[in-house]
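For reference, chains read A, B, C and D in written order, and residue numbers begin at 1 within each chain.
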Amino acid sequence: MNVSPEILPRLIQAVADTIEKNAEEVTQLDQAIGDGDHVVNLQRGIHALQAQSAEIAQTDWVGALQKIGMTLMSTVGGASGSLYGTLFVAMSKSLRDKPVDRQRFADAFAQGVESVKLRGRADAGEKTMLDVLIPAAQSLQKSAAASEGLKESLAEIVRTAEAGVEATRNMLATKGRASFLGERTLGHLDAGAKTAQLMISAIAEALASSAAPT
Amino acid sequence: MKKFINVPDSLLEDSLKGFAKAHADIVELNLQPHFIKRLQPAKPGKVVLISGGGSGHEPLHSGFVGLGMLDAVCPGQIFTSPTPDQMLAAAQAVDQGAGVLFIVKNYAGDVMNFEIAAEMFEAPNATVLVNDDVSLPKTHSIGRRGVAGTLIVEKMVGAAAEAGADLAACKALGDRVNEATASIGVALTSCTVPALGKPTFELGENEMEMGVGIHGERGRETVPLQSASEIVEQLAHAIDEELNPQPGQSVLLHVNGFGGTPLIELHLLYQLAAQHWEKRGLKIARSLVGNFTTSLDMAGASLTLTMLDEELIRLWDAPVNTAALRWGC
Amino acid sequence: MKKFINVPDSLLEDSLKGFAKAHADIVELNLQPHFIKRLQPAKPGKVVLISGGGSGHEPLHSGFVGLGMLDAVCPGQIFTSPTPDQMLAAAQAVDQGAGVLFIVKNYAGDVMNFEIAAEMFEAPNATVLVNDDVSLPKTHSIGRRGVAGTLIVEKMVGAAAEAGADLAACKALGDRVNEATASIGVALTSCTVPALGKPTFELGENEMEMGVGIHGERGRETVPLQSASEIVEQLAHAIDEELNPQPGQSVLLHVNGFGGTPLIELHLLYQLAAQHWEKRGLKIARSLVGNFTTSLDMAGASLTLTMLDEELIRLWDAPVNTAALRWGC
Amino acid sequence: MNVSPEILPRLIQAVADTIEKNAEEVTQLDQAIGDGDHVVNLQRGIHALQAQSAEIAQTDWVGALQKIGMTLMSTVGGASGSLYGTLFVAMSKSLRDKPVDRQRFADAFAQGVESVKLRGRADAGEKTMLDVLIPAAQSLQKSAAASEGLKESLAEIVRTAEAGVEATRNMLATKGRASFLGERTLGHLDAGAKTAQLMISAIAEALASSAAPT
């Protein structure tokens, strides 16, 4: 990995922008089969990250990811706060005492997603953010192993995330608040899957545009 | 949105400050992170009880902090579970060396955040998970929700802790009260989350939501609006299916409003529910009617039944001094 | 109409039965005519307090029957004053030989019906007329209305009567508390009277009614919806104009919801109101926040301020054991 | 007066019918500047009278009017209950120990209206039922004194009552619940005046149709 945490403020901003732009749509998703607070929750966390951007940019990946995780954990709240917090804290833990490269970063992300599965007692197919995170982790692994070009690899993860969120439409929710609605969740996208996709896509696009042409 | 509000962002904190000031004889507010604790700390050696959850259910849980009930609560944002740092700070602030009992309503967010806090807290602790909502099958993928029965668990375990029960006994009692309790609710309207400014869902003038939780979400199904008697029969039937109370059984009957339903209607529901169970030979030994576990301004109500024995009656009757429940002192 | 109801005709009686059953340890219901009295009668020689008025304001007044407060109340139909036969029967039932004090909110119907009852009642009696609503000028043709301050009069006079004050002293105290009390309210929505099935008035999404009573009627004027801070400033200003409290003055601050406004908003209003008066050097010695004097499901709230002295504080703090207010026992 | 209390069931029925027929309109009046319960209040009283019709018909005027008054007093509630109760009780009192004739009946009604004024601390021009009752009492007196034909006299009181209620439109309410609305009451008819007119008219028409042709 040839990017340092100095890029984080730009990525945080990209995430903030995409959530802001799609806020209305995501809120409607969470109002339809949840309680409608998902965007507001996330934005509270994103604003907290923005306030710490400079600080985060000046540490190493282990410190930065830990800080991001703990900040999300203590500001977002709800189901998504504990899960995103867990994701980043686990990624930080996984990178401890190792030089950061592309494979290790893919491993760390996979490790983070595993921790989310554990914390949420959930897996793919339950109509949650995991339906985006799990395939995204696999896509990262595949392209890291194949040493694909960065741009190609980023485009691939964007496609994967989009397919992941779309797949939640016909799933029956069995985890989280939406599960209480049973059959009534059919036909709706999951809000957490949607924001996971939006954030992954925004980060990928920001990375792609900042990377040297391959 | 018809609310008394300045901006949604400051509503929670200003409201917490108002609550703490209005009840300054009972509670104290910690601001960073948010938690509310008893003004008068528990005696050393007492098991302390901590609850919490999203805000918007007032008086649950903040109104139950005080002698004989909770030691601290962690209010999250509206309908959003609180965060582990709140619970950790609260636990550290009120721990009296005999352990911390977390009382958690069964929602993914609450469960995970309390779990993280419990893992971080380096002193003896246990968790009671409340899941009294029988609108969902017992086999539901993530279990049933915790709703209005929560305050009954908090009251009874609070009394036991005050009387010196140890952590294991408090945990066992909490599980037992939870097992003996069943609730189910119906919504006549949605509610409006301040940050969103519009109702979470729309209901026709002749529709209601059967089997709702307490976060303003839709319930199990939308059904035609029915008479109070028909509604009570359905709710009571679901509770009977679960608890299967036998003639002669003593019970606590709790009729809970969701915030926008006036007392005159809640007392009607109570009258009809009491008739239902008295006809079946039950003894309604204790009662509680009012807006206790609310969903902001939602119109609606739930019935809760707890099967009582001598011990539980004694725990219910024990002195309590909180903002929302007070007797015996 | 989104209400828990069978038919409007039976709502009141069934609801009264439910209330009496849920609080059977404190009150007893008389059916023909309707009145509610303490289960445990007052001691011989105690002045007895009787209040009443239209229903739909619960917990006022039924929730205030019990030790340290009222001896009996006469609930009328919804928003309709009760009838003289109720008051007469209640007075005869609870009189302990030391006289009856009627506590009446100043509305034509209540005043006339209580007056007829007082004329028919052949034992010593007196009447305290509560008229705390400062949204109307003091010179209003029939005087100001009685609103949320009523419960403060009832609580303090109730404590005095319990302590043995005679009829003249109770009457004088009631008048004094009423004089020391000012209230004003604002409605964000109308309410729906069950027998009519539709809201009494319509309000635009960005409008509110300033200076409303408690019967779901329109107020003095329809004004644009404002922020909580702006609303509190206006309400507090009207109260200040009336009471003109000086720095150092101890007060009781009562924030009352009209039934459809959740506690989170009432505590915000309390916080803002407390700031207003603390900034002016007042000492908020006692507080009461909640839905106490309601207009069915109306969203809205009122502020009430009572100027306190040592005696009034002692009377407020005295033990009370009613369905809606309980402390000290 | 050549009618006995036996006519009362028919009059009560006529009153019930007119209130029923105009319920919606009156409720709108009381919702506009009152609290909307006026018709429901009155109907509670009328139903109670209907239940006692037979009994009332079998007593004398003093007993009948007393019974009507006490029944209204204990069933109607609100401002109108105490006032209508007072009206009939006072009429009964005024007829005590006297033979009933037309002049005495007109006197009794005038006496009843006086008692309403006292009880309500109100007078003409305050936008209440008194704006119908006071001119109606005067009309009765006038036609009794002039010994007008019954039909003519009844027609006259109907016209008077209608003018009375119409006059409330431009009055400022200074008594009762409507007074709280001050200027906002201008342009609205008073609900109590309207029902007083409806009842007077219904009674007059029932009497006219049952009277022998003059």
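Rule of thumb we're sticking to: a residue touches a chain if its C-beta (ideal position, glycine included) is under 8 Å from a C-beta of that chain, and two chains touch if they have at least 3 such contacts.
Chain labels with UniProt names: A, D = Dihydroxyacetone kinase, phosphoprotein-dependent, L subunit; B, C = Dihydroxyacetone kinase, DhaK subunit.
Since we're looking at a predicted model, the values are computed, not measured.
K.L.:
Both subunit A and subunit B are touched by which chains?
P.N.:
Intersection of subunit A and subunit B contact lists gives nothing.
K.L.:
How many angstrom lie between the centres of subunit B and subunit D, each centre taken as the mean Cα position?
P.N.:
Going by mean C-alpha positions, subunit B sits 54 Å from subunit D.
K.L.:
When the C-alpha atoms of subunit A and subunit D are each averaged to a single point, how far apart are the two points in Å?
P.N.:
Computed value for the inter-centroid distance: 76 Å.
K.L.:
Could you put a whole-Å number on the gap between the CA centroids of subunit B and subunit C?
P.N.:
Here subunit B and subunit C have centroids separated by 28 Å.
K.L.:
Just how far, in Å, is the C-alpha centre of subunit D from the one of subunit C?
P.N.:
Spacing between the chain centres: roughly 33 Å.
K.L.:
Please output the residue numbers of subunit A that touch at least 2 other chains, ranges allowed.
P.N.:
none
K.L.:
Residues of subunit B that contact two or more other chains, please.
P.N.:
78
K.L.:
Indicate which of the five shapes (line, ring, star, complete, other) describes how the chains touch one another.
P.N.:
line
K.L.:
If I apply the definition of touch given earlier, which pairs of chains qualify?
P.N.:
Chains touch in the following pairs: A-B, B-C, C-D.
K.L.:
For subunit C, which residues are in contact with subunit B within the complex?
P.N.:
Residues 2-6, 11-12, 14-19, 21-23, 55-56, 58-59, 63, 78, 188-189, 205, 208, 225, 227-229, 231, 255, 259-272, 274, 284, 287-289, 291, 294, 296-297, 299, 301, 326-329.
K.L.:
Looking at the complex, which residues from subunit C come into contact with subunit D?
P.N.:
Listed in rising order, the residues of subunit C that touch subunit D are 33, 54, 76-86, 107-109, 112-113, 115-116, 136, 140-142, 145, 193, 195-196, 200-201, 213, 215-218, 220-221.
K.L.:
Applying the document's contact rule, which stretches of subunit D touch subunit C when the two form their complex?
P.N.:
27, 31, 33-37, 40-41, 44, 73-83, 85-86, 119-121, 126, 174-177, 179-182, 184
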